[in-house]
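Below you'll find a set of structures to go through.
Consider the two complexes below, in which subunit A is the common component and subunit B and subunit C are the respective partners.
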Partner chain A sequence: MNKQQGFSLPRGWGYASLASLIFISTWAWAVRTENSLGISDFFTGWVLFFVIALLALFGARKRLPFLPLGPASRWLKIHVVGGFMAVFMFWLHTGEVWPSSFYGQLLTVLFYAISISGLIGLLMETVFPSQLTHTKMEVIYERIPKELAEIRNEVEALVEECTKKNASSVLAEHYLETLRWYFQRPRFFMSNIYGSEKPQHWVHQQCMILERFLNEKECKYLDKVYLLAEKKRKIDFHYALQKMLKTWLLIHIPLAGAVMVMVFWHLMVIQVFFV
Partner chain B sequence: MTITTQERPQRWDEPFGSLMTDADVERLFKVPEISGIEENKFPSHCSLKGILKNDARIIKYSAGDIVIREGDYGNSAFLVLGGTLKVVLFPGLPADLLGRTTLKKKTFWQALKQLWGYRKFPEVRNAKKIEGEPLVREGQEPGIAQVFLQDVPTVLDQNKTASLGKGALFGELAALGRTPRTATIFAETGAELLEIRWQGLRELRKYDEGWRRIIDERYRKNALTAHLRATSIFSHLEDDELQKVSDATLFETYGQFDWHLTYNKLQNQDKISGSKDEPTIVRQGDYADGVLLVRGGFARVSVNRGNGQQTITYLGAGDFYGVDEIYRNWKGEANVGMRVTISAIGYTELLRVPSKIVEKHLFEEWGKQGKAERSTKKTYKSSRRLQDSIDRTLSDGALLEWAVSERLVNGTQAMLINLDSCVRCDDCVSACAAAHDGNPRFIRHGKTFENWMVANACMHCADPVCMIGCPTGAIHRSMSGGMVIINDDTCIGCETCANSCPYSNIRMVSINDNEGHLITDPQNQKPILKATKCDLCADQVTGPACVYACPQDALKRVNFQEIGFDEQTTGF
Partner chain C sequence: MEENKFGKDQSQYERPNHPYRCGRAILWQTPCTRGPATGGACGGTRECTPFLKNDRWECRRDKRFGGPCEEGPRPNGECCIQRPACTPHSSLRIIRGRVTLLVLLAVIALIVGSLGLDSHFNGLVSISDAGPLSKSHIKFTEKQGCNACHQVNDQGISGWVKAVFRPSNLSDKCVTCHSFGGDSSVAHNNNMLTDKKVSKTQCVMCHREHSGTSKVTRTLSSKQCNSCHKNKFESFENGHPEFSQKYPYFSRDTIKYDHSSHLNKHFSNPKFSDKAPESCVACHTITLSDREIKPGNYETICANCHNNQINKKELIVIRLPELLQNRIDSSKLIEACNFPETKMEVEEEFLSVSTEQPALVSAFLLNFSEEDPESYGKPLQDLIMSMAEESTTSFAELIDNQTPTPISENLLAGLNPEVMKRAACAWGLNREYESPADPKYGGWYADMLEIRYKPAGHADSVAKSWIEFALAVATEKNVNGSESRAVAMREQILSVKDGVGGCIKCHAIMELKDTKGDSYLTVDWNYKNEKKQPYVKYKHENHVNMMGESSCSSCHVLNKDEGYMASFKEYDSTNWVNNFKSINKKTCMQCHSEDEINMECQACHIYHLKPGFKKNMLAIKAEPIPITP
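What follows is the complex of A and B.
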């Protein structure tokens, strides 16, 4: 694959420049209108409406992958740039960060919530993928329960075998008292999100405290359990990050629906009573 | 401790034809083409009788049966024992008669129609169409199906044909050269043919002078000159010069023709150990005795590094190596040996043009035509490029090393995912399902190296081993786009392609009727299976839906031969 030659503005920056130009033009127009004692709110409101509509269209585009409406990657860049533009356009339109009317406040809360959720989503989509890659393993989110069940079965079989062959129940007792909790389901969700090393330390600690109570043969079983616990830790990490990558949209999209409904209502009220 | 033992598997444990008997072999010895073979030239472990019994089979064809199809990949040759066959001459039979599909891009409206044309159940097929008149009939060998032409007189009227009678041998070049069949041949009358698989053919060529002469002469006549002409170093030669080069060229094959059959098994057992087990073609430091032209398969180019081999590049069909070393020897430089080791990846078919011929017909010609200086510069440049590759750090070359070891270099449209950008949203999978009857044609999972994943999606290989042995020709290379596609209508669900794919990228699926009920075979109540795989969304206006749907631009379809391995991260 050849690198692109000659001067070309990266597409993301191109869209950002275009968005800035539109915003500055709208602002200039609004200032000019206000200076000539006109009302700029209608104009800025319509521009804001079109920007929000464009943002909402990304969801529709995702549901129509077989139509030649442009690659999704282009739509995402437009969506991100449009999202930032919408915030500034919102402030330009309302003229304040926090409106005084109840309806305005409700709309603002929803608008800020969707903007913040979008920003968090963008941040996660930027940071999480490479963190997942660094685990050196890949697991499909839907297969995680199956993977965990397999690990759990494997660990329980090892513990059972160790108990039978060595006539010692230390490993089995420790499993029942402590490790079973860990192997039952994904753990350390928040620690994984924050990138804390707590899960790693916990696994290491809980396996190492056993060492002095086990003989050489039992230690071999413990080593195997430790390896499986480490594997599970990585799967937990995938579970936490992939869950966040999937579920932030469950907040963002319903909020988008609510904002669109309120915007339509706002538009209707303005058209009926003020125009 | 109990030890389980079993007899060591032998070459002929699985004979080609399960119905071949000693009487059949005796009968074959009365056929002139077989009786002329000197039996005593064959070693005891590979006797002529053994070859005929285990590497060959007698097949009877009815009038209209297609024996080979243009464009198919086959691993066997045929000798006509009786009856008449017809070869369909250019331009050949239309795709539908060959059991193939012609893909047309959907219009915008047809694409839009998919929105409400969604079926409730995946893999829905028209059950009546499946029950309709079959294009395929059961062959005499178990599991062998034969496709037939329904209206032979019309085919004969509408196409130019040539006849093949008793004693004719055909299909040997495609079988040995792993190239597509160049013509369609069907039985005009009832016919009896001896089908010889490539292993047997290889031995016949090796031990019998007559068969070797026939095969080599045919190859020289039909394919070699064209191959040399298409190679840049020989392209400027006059016809008579080229003929002399062609006459002196040697044919060589390395590795296993059917490497794909064992590759999966070995890989699962973690027994693929890279260049160590690959057959060596030339060794670093050896005298350069000829230019090597790759005709089929792939070859690894590596240099000694410590106690191992570092892969610096690989050669595919059409590539060549050795001109620089021979040129420097010819110019009188002392002790110029091969700078690299070349080994076969899986299977490699080579042409070796001896040094003397290269010196006489290439270098001397360069000198006469005043091209010496330009050619020296050209040779110097390619030599410099090679040196740059040799000088590459281990870490810079790791991606290439991995791609070659995993044999991914076979892919022309591999699905490469940048895991540092991929948010695991599965929009690619959903888009694929939306474009394919609600069932995605790939799995977003596969081999990974650093931040790169090659997902389990058909790579549309340069050497499509999946196409070898398809009984109906349902899996074929599209004439328009070159992608490997499956004609669902003619796929009989035999799983040959799925078992052959060394990358496990073809999946067998059971099919449903409009109500979501499984469509089953009325005879045994088993579900009807169809082979499915990525078709690069050949009928979609958007191109591959997976690429189009990826919001992060993390997914690309790449040709491993075109990736600049020098540029880290493949220039995404």
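What follows is the complex of A and C.
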């Protein structure tokens, strides 16, 4: 796997230092402005607006891959560092954690929600890829249904062959009663996300429990079925983690749109009523 | 790992931005190789699209999916592998786009909807409401709402668009209700640097709204003060300038009250000790007091000891002096006084009934020397004669001649004309006048050889008028040389021991300048309120409540120097000695220091000059009460 992919925190120190410098400078300027009987909210507000705009540009960058705007990994680092900076800049701008107006509360809820979803996304982007690498298997998310169907067909062919050659229906009956459910579609979604060993134990138990009822030839078929079940378990793991990596954006991006609308509304209200 | 699994010959290129996904894959069945069409139709009903070449149909299945099939196309050119059509589903990317659009529309709808509903729900769902106002503003904006401060609020969309390009000055709205002692757009409402151009100030520089009812709009800090003030310092303890030399006693008292002699001498005297106050607050009311602590009124704190001294000090305006010869026309006197003929006894040699000197008041009014009988004999006997004929008229005329406006009415208020006439008649006969009754309750009366005024009590208007008259005439440019007599009269009336009512024992006289620059003397009858430092505040009540009633002397230390009363002998009020020692910075620093009590500038200083409210704010419009039949 290419080492440039994913988010590597140590490599983001440069951006983090720059963001810290910008934040501290803004803070110092705000304090100075307030002490000089000025209104620092304007300055901090515009800085926050530009930070949010920079964060939103990451989405645009992903939609314009043909433009020479630098690698996406760099943009991701800037996005993550900028996201943290935006939270602190938000507190500096508002001067409080929770506003008292309905309008302020709505904007704050949206901002906190996008920040929390971003943080969860960052955690997943940091943890999940390495966990997927540990499976020593690569699966394209869109091809998982095909992969599962192939495994299922393979297992069913094995079971059928075993039944015909050994004139015994033990394996087939067990498949129909238990293993068929497992091979139908991805299972143990939450267990896979939490990194639980429940799927592994389940597969092991369901295969081993049958071993004493089978003869030597049937056991060879069972071993093959077990190997396919293990492969399917890894695909399930890929499915669960990759689905999370894709669907958290289903929350993050709509919230980003809502925040941007509210930010523009806020700018307009300030411009109309205050400036 | 399966290295070649994703090779170009082994697998097709997955397009994550494809809007549809195979319906079979959604149901976890084997997805078709071709996938859904761009328009959303199923693309997997057949494995390939056979190609007609040399009148033969050839299978065109991609080798990634197994290459040409064994069976080949049907004779009619259809693919031999046919499947029922699936229902492709939208891809995650498309779903995300739809959800995003839905959320955007929801937020926009919320903004538009709340703008429309704002007035119906009293701002409860207002998308433009920046938050509740402070406690002091929330009530009076209840009816007008945002319009109370933001005019643009009800100007519609066009007004809002115009407002974006037009600077709004909220401070203009603030001063529709708030008033100050000077220009509201100048620092401290007072341009102290008239020779320099100073930048304008705005209310929002210090005051912020929409922070909720629990917060105040004032946020001024010491650092903000330092941003403008040239003399910058860290805190009250570190760097604040020392108080001025006479702080906080900037002018001489208008009431002469020697705290030192009262506390150390009179109150410890067994004769008065039962009347002595227990502490400072017995005379000085601290309840609801700010910087200035007014003493109680005369009746409350002085009368107990001093009331019986006032009516003992009388004013003598006319006294029958020793006369060398009788110049009175006896026939005229008999006629004026309506005496019987027999009353007149012819004396061989005139021997004056009086051996006294004339009163200084009459000496001034008639402009004669009180020590020279030759000088005062005729004018005084003429006055007596006119008093016998016209009573007070001639005497009043003499008074009115001394001032630009007639004031005899005030000076002789309550004088019974008959008393003056009867006294003049007796004196015309060279006899003493016998008063029919003692003036128990004060007022004008004639007794023996004198016309006297006995003050009725504190704040006697006649006594005050005579003092003011004496002060006024003594500074007049007297053309007929009576200046020295005016001064002599003034000194007698203002005498602490003998002056009328003894007023000047307590009320200080000061010399002031009029508009022309001429100096004149005046008496400040009332306690003078100190207002020379409008930017300083001090709550006596808070301090005394915290430190106890006996704590006054911690700051106000008696000045035992006897110069206090002596300084009142001079009329120059700028040269004086205070009854208490000045308060210096160290006195305050006993408590207001690091780690103890607040040392912020705002603890002792007020930013605004005479902050108040305009009249329209105070007008309360009463709601008409409906009358039911």
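Going forward, the second predicted complex is superposed on the first by the 263 of 275 C-alpha atoms of A that agree within 3 Å, B and C clash if a C-alpha of one lies under 4 Å from a C-alpha of the other, contacts with A are read in each partner's own complex, and residues count from 1 in each chain.
Everything that follows uses one rule, which is that a contact is a pair of C-beta atoms (placed from the backbone, for glycine too) under 8 Å apart; a residue touches a chain by one contact, two chains touch by 3 or more.
Everything quoted here is computed from the prediction, not taken from an experiment.
In the superposed pair of complexes, A:Ala72 makes contact with subunit B only, with no contact to subunit C.
Once the two complexes are laid over each other on the shared chain, residue contacts for A:Ala113 go to neither subunit B nor subunit C. Judged by the touch definition given at the top, the superposed model places A:Leu250 against subunit C, while subunit B stays out of reach.
Contact with subunit C, but none with subunit B, is seen for A:Glu34 once the two complexes are overlaid on the shared chain.
When the shared chain is aligned, subunit C comes close enough to touch A:Gln184, but subunit B does not. One of subunit B and subunit C touches more residues of subunit A, and that partner is C. When the shared chain is aligned, subunit B and subunit C each come close enough to touch A:Ile140.
Applying the stated contact rule after C-alpha superposition, one finds that A:Trp265 touches subunit C and leaves subunit B untouched. 138, 140, 246 are the residues of subunit A that lie in the contact sets of both subunit B and subunit C, per the superposition on chain A. Subunit A meets subunit B in the complex at residues 1-3, 62, 64-68, 71-73, 75-76, 125, 128-130, 132-133, 138, 140-141, 242, 245-246. Looking at the complex, you find that subunit B touches subunit A at residues 106, 108, 111-112, 114-115, 419-425, 427, 430-431, 434-435, 444-445, 448, 450-451, 453, 540-542, 545, 547-554, 558, 562-564, 567, 570-572.
Contacts from subunit C toward subunit A in the complex involve residues 1, 5-6, 11, 14, 16, 21-22, 24-26, 28-31, 92, 95-96, 99-104, 106-108, 110-111, 124-132, 146, 150, 152-153, 160, 163-164, 167-168, 170, 201, 204-206, 210-212, 221, 223-224, 226-228. Those residues of subunit A that touch subunit C in the complex are listed here as 34-39, 99-104, 106, 136-138, 140, 142-143, 145-146, 148-150, 153, 184-186, 246-247, 249-250, 253-255, 257-258, 261-262, 265, 268-269, 271-275.
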